[in-house]
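In the part that follows, the structures are each spelled out as structure tokens.
Below are two complexes that have chain A in common, paired first with chain B and then with chain C.
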Partner chain A sequence: MNDRARNIALFAVALVLAGIYLFPLYWMYVTSLKTNSSIFAVPPEFLPGTPQWQTYALIWDEANIPRYIFNSLFIATGVTLVTAVVGSGAAYVLARYRNLWIDVALFVILMLQVLPPSLMVTPIFVAFSSVGLLDYPRIATILAISAKTMPFFVILCRAAFMTIPRELEEAALVDGNSRAGALFMVVLPLARNGILVAAILIFMQGFGEYVYSTSLIADNRLQPASIGMTNFLQPNVVTWNAIMAFAATYVTPILALFVLLQRNIVSGLTSGALK
Partner chain B sequence: MNRLMTSLRDGIGFDTLLIFAALAYLMAFAGLPLIYNIIISFQQVDMFSLGSLFHQAVGFENYAAVFHDPLAWRVLVNTVVFTLASVFFQFTIGFAFALFFNQKFPGATWFRGLFLAGWVMPGLVVGVLWNWLLSGDFGVINYVLLSLGLISEPIFWRSDVDYSLIAVILANIWYGMPFNMILLAVGLAAIPDDLYEAAELDGANAVQRFFTITLPMMRATIGAVLALGIIFTLQQFDLFAAITSGGPAGSSTVAQYWSWQLSFREFDFGRGAVISVIMIIVVLGVSAIYVRSTRAETRL
Partner chain C sequence: MTGTPQIEFSDVDKHYGSFHALKSIDLTIPKGQFVALVGPSGCGKSTLLRSIAGLEKISSGTIRIAGQTVNDIPPRKRDLAMVFQSYALYPHMNVRDNLTYALRLKGIAKDERAKAADDVAKIIGLEGLLDRKPKELSGGQRQRVAMGRAIIRQPKAFLFDEPLSNLDASLRVRMRKEIRALHDRIGSTSVYVTHDQIEAMTMADHVVVMQAGVIEQQGPPLELYERPVNRFVAGFIGSPAMNFVDATVTDDGTKVVLELQSKPTIAIAGQLEPGRKVTAGLRPEHIETGDPSAQDMAPIMIGAAEATGATTYLFSDDDPELIIVTDGANLIKQGETVGFSIAPERVHLFDPGSGRALTQSGG
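Let's look at the complex of A and B:
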């Protein structure tokens, strides 16, 4: 078989594999555009008839989407800020030195990265409620999620800092910069791509978070979109087009961000996770 | 005082400050809760005693209650089955895909990246999508299986005690497979091409090359991916919440979901903490092995 035929065959297989894998996403969009009755057609209609865009308009108001999305953005922004501000410095120090203490700190951070939120939420809820933090449920949620995202952020950013030559920073020090000056003027700008990718991954995690939000935020007006979705999922639901429209509204920004930054995310992820 | 300021500005004090800020944060919001978790697992904590930091001690009562719970055995089996099945299929399918996209053809890298679209989605949305795909009467998966003649009547994935755990496993395989694939693809890319060329010259066929070059060269990566797979699977919560809520009758309840249910559905935080303590020990054990082995093989 010559190269050209081989390439076409492989390309076709890749197309089929990607098509099968991404079918659930396609099905979400198609279902969201169907009428109340055609979602239950047997056999299922794999292509939408006339797109029912009004479902989106309807749930926008009825399901309080603006409020839910605002709360999700609020939590995601808070988590990203706390994680990046506190975590970047630590990542820098962990990249700069190699000694026993750094190894111990790294080990502790790696261990904290694996703690499942669904298990940590019990002590955090009990502790937060007794010290009064639950009076500010969204802040409490941000603080709890950040403890989960920070180790991941530190590991990813450390990999970014390690690619920056020490000599550049030393040159800045010789030129009369303070350590903080060298960090802010030289090191951080050079590492900004890695930090940005890590921050975006953290933002996505905060935007989709569920466990802490559902456990710590009792007031419906302060809950994020992930909880807004579960409110739909009562037993014997029939409004699958509305649910899928909610899901599509919720994840389309994430998917768009992913498509834009696909290359950066993949490389950032792989550099941090295995080294 | 002056020396301290100078150190903070220019010396080791600057680094110490930066690292301690992060460690202090993690201590406050992860370290202390870990210790507090152990304490409340020996206490009676319910809605009425929530307000105070310390509660009535009950010794091993919570532990005894959990171990004698009729659901305990079921949850243990479910957790093991869910973890092993998810990791096994995520890994094998991910490996097959990584091998496929490792072949050089136009667009291979781009196609491979597409799969991460599943991975970046919030777990809860993935769960809701699969809830609809697996619907009993109108689910598209039942329709496909029926048309292919693989089943003769619809499976009620979410409400049949024999299938509810499988439903969540299916969703979790879809959700976690891309991450396995990407990590394994990185490992594959690191194997030098000359090794394969040399083996080909020596007359080794594709299968022989896989077992004598690919697998041995990938040992460290495979170990890391499997360990990470176990760790991530033990964190999975959203899919259960969105697909089966652990039901029916606990048939799809795993440990991490049970712990949350005891705390936030039955408001028995002491018993929730018991399971939490046990599972955290398991997770930390797995990750300690993972960290040690990656350090030995690839220097962290």
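Let's look at the complex of A and C:
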């Protein structure tokens, strides 16, 4: 009985915390469906009167949503590819060798994770501009974001690789495989879950990234949705419902993806590679 | 058994950083032989085996396989098969794919591979399990898959790294016989690492005893048992282990006085410098017991007796104790004094300092 009471209490606490945490999300959806007048109603209305679905239709073209979403997807995909390809290689090496240099490398990687993008963006801007990379702003952004996401990916992936016994690879070598062959035929299939989960998390980061995109991409047509949304804030008229509709259009697909995969993501994060 | 050498080590050293794991190893394994590497944990058995496979790069010396120097040849080109202690079955492949992985890498056609898998499954008794994943098998079945993966091709040699250590005792005894039978049937060369000297003695043609990266002695099992070259080998081979007792050579040089409570005197085979301190090695199963007042019997106090039915273990009331294995019908009790004797040629004598054998008894 005591246990039960405690469980109920804990559940209630969890519910309240989740409510607080998710309230902004709820507010975003609700606001996007309100009329402009009900947004400013006092006291605030927690439910929209009649949902104003037409706001979504309106902003779709007016705010260039397809273009922005495409750019966001382009950058997120690029970041994921670069991070996954380079990062898995690095993670594999870091998982398989143990010596002083590896420890130094791990430390440096963790240091990179600590540096905030707002600090890094100026040197990156200067460096990219001197090598002419700013002529390809989306590529430049992909590279800059990848540098930021890399440490996280490498650490996660390394954990996944470390769960794969070395003897499996050695068995493959003795069976007649090359080092690379053993990596692709034995290690990668076994680490697949861990790598996929890490890649999905990186994709989400790339999809929502703001700092590098806003500094490196000047051309409005190449900007991702995270910036598109702020462009949408006009100086005088604050159309909150339209902005929230933009935000909802932007995050809903990624939220849906997360909800769909959350079970895999959680198990992938906690166990590294699944057998 | 002699034949053309299949695996040869000459003056091989292996360092892990500052740690010297293999020390000038010289070893020749003739074709068709079953060789066991034994030694205590950490003595370098696996390192030796792995350097045959090419999984470990040696620091100096040469290794030849079938006459070819393989120092710089990667594992995949050495054409060996290895059975790992953990079996190392590929978890994401079913048994059939595990068995035929090496054939697939060789580019052998799929139906031919499937046939090979069926044949091997028959030999090792895995029919009906070919579509299972390794995690759906018992430990013994996994062990068989690991064996099957090795025998499916005709490698230049089989390498086993403690393949039975994860099995229960009875299965281990059975697999011991099966592995040896497979070896005889295939007629290939096998190198078998184990820390269990009984496994080595029962399975191998040739036993290599290692300690701390050094080969202490190698030879046929019985030779190691009868003529150990030093105290380490003498204590390692045989179960229960040989008794070691400090002793002093008598004035005429043909007997020794054992440093036990009852100061028994026993005859030795050769002649040694009178008064010399030695370590006497007496195998528990070589000691005879009898009436303590009989002529050539030396008295000894029994501190404990353990009857197992078939045999009785007697422990003398000394420190360290002397262990005697006698007939199960021998009803000797704690506290009794019995007589014991041992054939002079079965007394092993070692230098107390270096541990080297002083006389080679038995021959």
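One rule holds for everything that comes next: the second predicted complex is superposed on the first by the 246 of 275 C-alpha atoms of A that agree within 3 Å, B and C clash if a C-alpha of one lies under 4 Å from a C-alpha of the other, contacts with A are read in each partner's own complex, and residues count from 1 in each chain.
The rule is short, and it goes like this: a contact is a pair of C-beta atoms (placed from the backbone, for glycine too) under 8 Å apart; a residue touches a chain by one contact, two chains touch by 3 or more.
These numbers were taken from a predicted model, which means no experiment stands behind them.
> Does the chain A-based superposition show chain B and chain C clashing or fitting?
Aligned through their shared chain, the two binders fit side by side on chain A.
> For A:Leu190, decide between first (touching chain B), second (touching chain C), both and neither.
After superposition on chain A, A:Leu190 lies in contact with chain C alone.
> Counting only touches as set out at the top, which of chain B and chain C does A:Ala144 meet: first, second, both, neither?
A:Ala144 contacts chain B only, not chain C.
> Mind computing the angle chain B to chain A to chain C from the CA centres, in steps of 10 degrees?
With chain A as the vertex, the angle is 90 degrees.
> Now for A:Leu115: first (chain B), second (chain C), both, or neither, which partner does it touch?
Only chain B; A:Leu115 stays clear of chain C.
> Could you look at A:Ser178 and tell me whether it touches chain B, chain C, both or neither (first, second, both, neither)?
Touch status of A:Ser178: both partners.
> Would you check which partner chain A:Leu22 touches, where first means chain B only, second means chain C only, and both and neither mean what they say?
first
> Does the superposition put A:Leu168 against chain B (first), chain C (second), both, or neither?
second
> On chain A, which partner's contacts cover more residues, chain B's or chain C's?
So, of the two partners, B touches more residues of chain A.
> Classify the contacts of A:Pro44 with the two partner chains as first (chain B alone), second (chain C alone), both, or neither.
first
> Of the partners chain B and chain C, which touch A:Leu233 in the superposed model: first, second, both, neither?
After superposition on chain A, A:Leu233 lies in contact with chain B alone.
> Using only CA atoms and the superposition described at the top, report the least gap between chain B and chain C in Å.
6
> List the residues of chain A that touch chain B in one complex and chain C in the other.
Dual-contact residues (chain A): 178-179, 275.
> Can you list the chain A residues touching chain C in their complex?
Contact set of chain A toward chain C: 165, 167-168, 170-179, 181, 186, 189-190, 275.
> Inside the complex, what are the residues of chain B that reach chain A?
9-11, 14-15, 17-19, 21-23, 25-26, 28-34, 36-37, 40, 45, 50-53, 97, 100-101, 103, 105-108, 111, 113-118, 120-126, 128-133, 135, 137-138, 140, 143, 147, 174, 182-183, 186-187, 221, 224, 228, 231, 234-235, 237-238, 241-242, 256-257, 259-260, 263-264, 269, 272-273, 275-276, 279-280, 283-284, 286-288, 291, 294, 298, 300
> Which of the residues in chain A end up touching chain B in this complex?
6-7, 10-11, 13-15, 17-18, 21-22, 24-25, 27-28, 31, 39-40, 42-44, 82, 86-87, 89-90, 92-94, 96-97, 103, 105-127, 129-131, 143-144, 146-148, 150-151, 154, 178-180, 204, 207-211, 214-215, 226, 229-230, 232-233, 240, 243-244, 247, 250-251, 254-255, 258-259, 262-263, 265-266, 269-270, 273-275
> Mind pulling up the chain C residues that touch chain A in the complex?
53-55, 74-76, 78, 80-82, 84, 86, 88-92, 101-102, 105-106, 135, 149, 159
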